[in-house]
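Given below, in the form of structure tokens, are the structures.
Below are two complexes that have chain A in common, paired first with chain B and then with chain C.
Up next is the complex of A and B:
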């Protein structure tokens, strides 16, 4: 139906694809009619939130859907129709002509086989070569994707690699047979932002070298803006907009695309900018709406929106920017509705009262040593001094393994400290009695990353929310139930939801329930460990806005941990940057993001992809992985990865965390010099002034 | 910590279990009702004269303090001197060593058969999850799991020995026949067939269930999807990725099944009048032959410990993640 006048032939073309899962008399419409295509040598990004059907579409192209999936439409690779192929023929396409990289490299690699064996297996499945030749080729591939000492590491097992290296192994495997199309399904979602930048660069380099097409499935618009030539936006199983990357980011036409772009926390936004919230949620996957799938959440609906399905039509005849919206020609102005605001108030310098104080806190994990000599401890948290101010938000950022979560757990008294103190309003945690500790715990509560894993699936939502009251014997059963209803309303959920079970809720609703539960005991301190990482962009904005509102209303002190710097920038008043168990930079949000003084903070910020296709030239991403916290490097722990490190100083003397500017602490010998040197242009600073 | 040290630590744990087992074995007859004299003499102590009693007690060292008795017991174990069966008068070690090969023949063959069949059926059942075949075999396995051993044994005797007359129903060899070479092997195999069959069949369900469950969870793993996306044939996916990984937890089940099979021989060898350790134990219990009971108990314990040790040392070879 949609034809694009272009000189480039489509390599993989999907037309009118529908996928329906039939389960026990109920039909789930996962893909409701998708048209997309990728040309030779092109990178197509498929963007959508969970439930948009983007992964299912790609699995359909590979013939990897479960047996209960009913597929119709057309998927053509070159001049061959994949949907009409027999399994045997399709197998020769999978892996050989279409390579796939999945999201989580740890679970996507078989733990009991060496990496070279798993790569060689892919080679031998499609060509008749000897074991030795396949192994040699596997080593070559590992070198190509940037595994240091590829020959020596080829016979290691997946668990012996770091997350980023594992994803490189996955890419090597996908490249094994020289595919024409590489499908990357959320390949960087499970990775740190620094590693993500490395993987994005790697895939782009390989695509250019091999002239391969890449289909990059992602929910992260920042990454998409950095890598894609064209973008396809999916919503509820349909393509609602597609076009060149620049067109889409500069002049999104579909209301959903426009709102998605504004719902996303971004580093180049004005500091303290408000996030737009997309109210509502995805349509019922078991319903087959007559009209536009986005109509129930759209501000611009006409009568026809609910009645007829809008076709995906080019804006200009023959153009490449196509939109599925009845009002595509109306030049809608996507203004932000008033009242839906988020974000922390900016420019507050006055230091508040300290609610929780950490003093030289240490948490070391002791492995099992021999009977003669103790093993070296894992220094998860190694001397952290921090204060959490009343009614304010402290953001804690750092790569995985930097000790963020351990710090949070130690703050709550859930982790045995090895040194230093945690004090709540002057009361030191480890000197308290068990009863006192229990009482204190009521004042500090925790919200986890994965809301479904942190709830008992056998309890109704109201029982989940009132459980803290039950445990602490607060009030009668009726009172507890009434309070649960109130709490649900506080987090903007209808009371009636209390009768449901957690699995009947959406991800965003579950996280609201988790927050309601944390509020049950009227805490003063709320620790949120990656509170929005498991959620979609539009839902992230809702939760961030909710947390800010609750803070203002209830005077909560928040500690928010996130690997997503844009989220921290939106929500936090003060920011602490953690590296290998220590704080390397601490200051107000504007100081840290606007004028980072530690090279690590800078590296982190540079690695964050900016959702702007016109700003692609970025500094070289921070190389390598953090060293082991068992044997941290001497001197400055960061010196091995630091471009500025000075031998004789940085590798011998650990820099103290000093207040080098008013209210801005940095642990770096060379901070002044680095700040003075004009290295790569910093988009963050230019945007925030 | 290196692998050797870990191995030593594990051996230490087994040594502790062994010490506890030996101590229980030492305490057992002393906790039994009645005089420990019965243990040695095998007759009611009341039937003896006081002089006889004193003589027997002193002879057996029962007048020594308990600690001394305990140490003496350890000494006898370490020197493989387990005393004499009062019923037959033969040294225990001779009895046990004579019977052990027959029991090992039954249990190890049964383990091999039930392991192979259980793993194959379990993997296949999971592969065809929800099919008629899967539901049927699962129901059958549950029924089999609840079948009493002696009942199945007697059923086989009635069917294969009495009605059809295909296989002998008792003994390990044909009594009086002086066979050698292949004829002897065939004779032994014929006699072992029914007990092995009974033991194997009853051991299959546990292995089947473990393998089916383990395979099902592996089938849901992301790396199976990766293997398929590489374009591997279904059989290659099944063999190299699914079964290979699903076997990990099943090895533990197999080791436990060996212990179970040893216990099962008490009933099976009695039903089939098979001259193994199980039968020896059964006879010893019937005749209250305590020294023999203690001896067989100890052998059973050591066998189960060895099976677990084997599974433990096999595990790191199968799962690289557990290598230190």
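Up next is the complex of A and C:
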């Protein structure tokens, strides 16, 4: 444990913690010696990619690990040793002194009890108060976490709340007994960016008001920069760097931290900037390497890196910035190695030929109503007109429920349209014969968000990749195999991988396999639905780079759907912003990100956390949640959340999507006024070229 | 020592706590027991002519004789050797059980596949399944058997009609979840037809589940066959354990000391075979059914 000069007493201190899962003769080393601590009133962010052991560390502190876990080390809360406690004593610590918020609020709440009852239950579990008093306290807590009309909504069930509101309920529950430490395990990962901004602000406000400590576990460096006082970076079960937020983001010393920061797509980077790629993947969790865990992926290795494990030592004696690297003192320049670059080139061509044209496309789902009246349709896509240009990338952004994925599926003919047309070249999709449709399916292919779910686990990789050929009866089995090998090489995977099964591959490799499969039929259009959302930051960069390269080499037209604006900004030439089934803004990347004209686009951009601890002040996040697509608001669908909405106009007349600037379409009555009234451009946007 | 984190504060005792506890795999043990029972009964059925000391239809001794060296389980009311009857009865009980369960599995799998893969058609098919599930078992069994007549083929048909519905449900729920998987959407987007998707992606995973269901259903089928035969509705020409019980009941063996060798052995055998298949089916299901499998 490195003692820091700050003199603030550590509230929760973890020392030399190791956690090993013993499963059927194989040992998985999840945590391999972790030291970290959080002081009173401080926000500590624990950052790491999946498999880094950050969640397991916190679960160990809470005593919530499964039975097959072997734990050693020390976890102290104040002056008590949590690891030595009996289960009963630990229960009184959990909840009362350490509150937890998990990633997915829906699965953490009991769907058959009202939220107030669940919060009251947490209160009564730890203190002897009456039912009525506990209920009153629950209502109070719901108000504190910003649930509007807390009294009225306290007796609602979890499904009656939106995702963001549910996460607020979870926070209220974690706060129920006034914990001294709040552990938030990826609390915003499942939420939209605007809601994420609200939750980040909420947790920070509550921490300040109550003077509690927060341990914020996250893989998102942007969020961390916004909220953390100190940051601990974990990799493969070890802490590799630890320091104040500013030190870490300004002067990261460990090669992994430095590269991670440069591998993440960011909104404030120069447009079209190339992402750095960290080659390789996490080490085998079943291996116990002698030396530095990052050595196999590091550019600066010495002989000792493979031989001895570097200790976590402060850079300056007594300093707060500590690094576990043999070369910490060498002041390495983390230059970007040539050849490992990606990113979409800036638009050098003018508008090209349209490959796919959507015209007033509508997809409505008819749910089952009662026997007397039909249910109102869910207007997932409601009148979208878009064109996908040859050889270029169209980025589609929007919050969850905006209809992005439905649009993609309708484009591929996987969804029945309720109106409008999808046309490939001159051929309209729904007028085609079954044979014509099959042929057309070959020209447009889909890449899914979750690569492991998109391939049959029982098939070998080569069979997965050659499946499109088999379905369309192209060539003999031997030829299909050969083509699968070629395709694997195109996506930079060794041919030998074809003999393996999908579960034996890493997440990034699996997504490459999914892309290889999508390329098997030589398509012209590739629809990528959240292609990198399920991947770690370092792997994201690899996949984005690959997609850009493939586009340049094969002349593919890409439709990339993402909720992550930074990803879209890195890869797309043109950007469409979708809200409640409609396009509200469409333009070139630089127009949309550099000079957004729709208030919704502005709200989205403002909500994206910038990975820079020096730029924390940002506009008030967009309030509220998107309304239900069953009953969209009249007039402009955004007017209920819009700060500029003008009564009598915005709430009655739907704004058309107009070309208000050359090549830049906006659906807003007031775009010109808003543009005129807005203050000096944000430094974030001025960076956009 | 470089491989240790330097502690500046007072060194604290290293504590090793919370050792891992890996519980023994009880399911596996139960499965092995079930498999042993099933294998033993199967061997007896196959080797019946070798194992049985007498022809079960032959009048081998004095009627109503208690167990002796010649007749280990004694004889029945017409002097037939009861041990031989038990051994040959294994053939009938197992055959009827397995064939009926197999027929039910095929029917249930087909209905479940269609019901899961084509949701609209499935909604209709599942109402049919509901009807079968709520039918009162025994009265229906008796009515059907009386109506169709007493033959081994009819017994199989009746049992199959009664036990296919749960299989259809299990298969359908599996297919429902499979049909929404991304890889099936992926295959569809590549232009695959329903036939291809079912053959290549749905059926292989479902069949495994169906086999587990089949083994479990066999246990129920054996019990049903015994009930039918005990009620005198089985095939009069095929002596099964149930019909042995029927005759024991008809000749008043339940009230005399003869129950020990005339009633108990068939009863135990019925129980044993049902238990064997049930244990094996349970173990298979725990391994195969994704809803029951622990992570």
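Going forward, the second predicted complex is superposed on the first by the 676 of 689 C-alpha atoms of A that agree within 3 Å, B and C clash if a C-alpha of one lies under 4 Å from a C-alpha of the other, contacts with A are read in each partner's own complex, and residues count from 1 in each chain.
Here is the rule we go by: contacts are C-beta pairs under 8 Å (C-beta built on N, C-alpha and C of every residue); 3 or more make two chains touch, one makes a residue touch a chain.
Note that this is a predicted model, so its numbers are computed, not measured.
A.B. asks: Have a look at chain B and chain C on chain A after the superposition and call it: clash or fit.
C.D. replies: clash
A.B. asks: After lining up the shared chain so the two structures overlap, which partner does A:102 touch, if you call chain B first and chain C second: first, second, both or neither?
C.D. replies: The answer is first: A:102 touches chain B but not chain C.
A.B. asks: See if chain A has more residues touched by chain B or by chain C, and give me that chain.
C.D. replies: Of the two chains, more chain A residues are contacted by C.
A.B. asks: Can A:438 be said to touch chain B (first), chain C (second), both, or neither?
C.D. replies: Second partner only, chain C.
A.B. asks: Which of the two partners, first being chain B and second being chain C, lies in contact with A:111: first, second, both, or neither?
C.D. replies: first
A.B. asks: Identify the partner contact of A:313: answer first if only chain B is touched, second if only chain C is, both if each is, neither if none is.
C.D. replies: Touch partner of A:313: chain C, not chain B.
A.B. asks: A:386 in the overlay: touching chain B, chain C, both, or neither? Say first, second, both or neither.
C.D. replies: neither
A.B. asks: Check whether A:62 is in contact with chain B, with chain C, with both or with neither, and answer first, second, both or neither.
C.D. replies: Only chain B is touched by A:62; chain C is not.
A.B. asks: For A:610, is the partner it touches chain B (first), chain C (second), both, or none of the two (neither)?
C.D. replies: Touch status of A:610: no partner.
A.B. asks: Once the structures are lined up on chain A, find the stretch of chain C hitting chain B; candidates are 79-87, 97-105, 133-141 or 169-177.
C.D. replies: The stretch that clashes with chain B is 133-141.
A.B. asks: Touching chain B and also chain C: which chain A residues?
C.D. replies: Touching chain B in the first complex and chain C in the second, no residue of chain A appears in both lists.
A.B. asks: In their shared complex, at which residues does chain C touch chain A?
C.D. replies: For chain C paired with chain A, touching residues are 2-9, 12, 14-23, 181-183, 185-192, 196, 200-201, 204-205.
A.B. asks: Which residues of chain A touch chain B in their complex?
C.D. replies: By the definition above, chain A touches chain B via 62, 64, 91-96, 99-100, 102, 104, 107-113, 121-122, 125-126, 157, 159, 170, 173, 176-177, 367-370, 375.
A.B. asks: How about chain B: which of its residues touch chain A in the complex?
C.D. replies: Of all residues in chain B, those touching chain A are 1, 5, 221-223, 225-233, 236, 240-241, 244-245, 248, 318-321.
A.B. asks: Going by the contact rule set out above, which residues of chain A touch chain C in the complex?
C.D. replies: Residues 1-3, 15-16, 20-24, 33, 35, 65, 67-74, 81, 83-84, 308-313, 409, 412, 414, 437-439, 441-442, 445-446, 448, 450, 453-456, 458, 467-468, 471-472, 517, 521 of chain A touch chain C in their complex.
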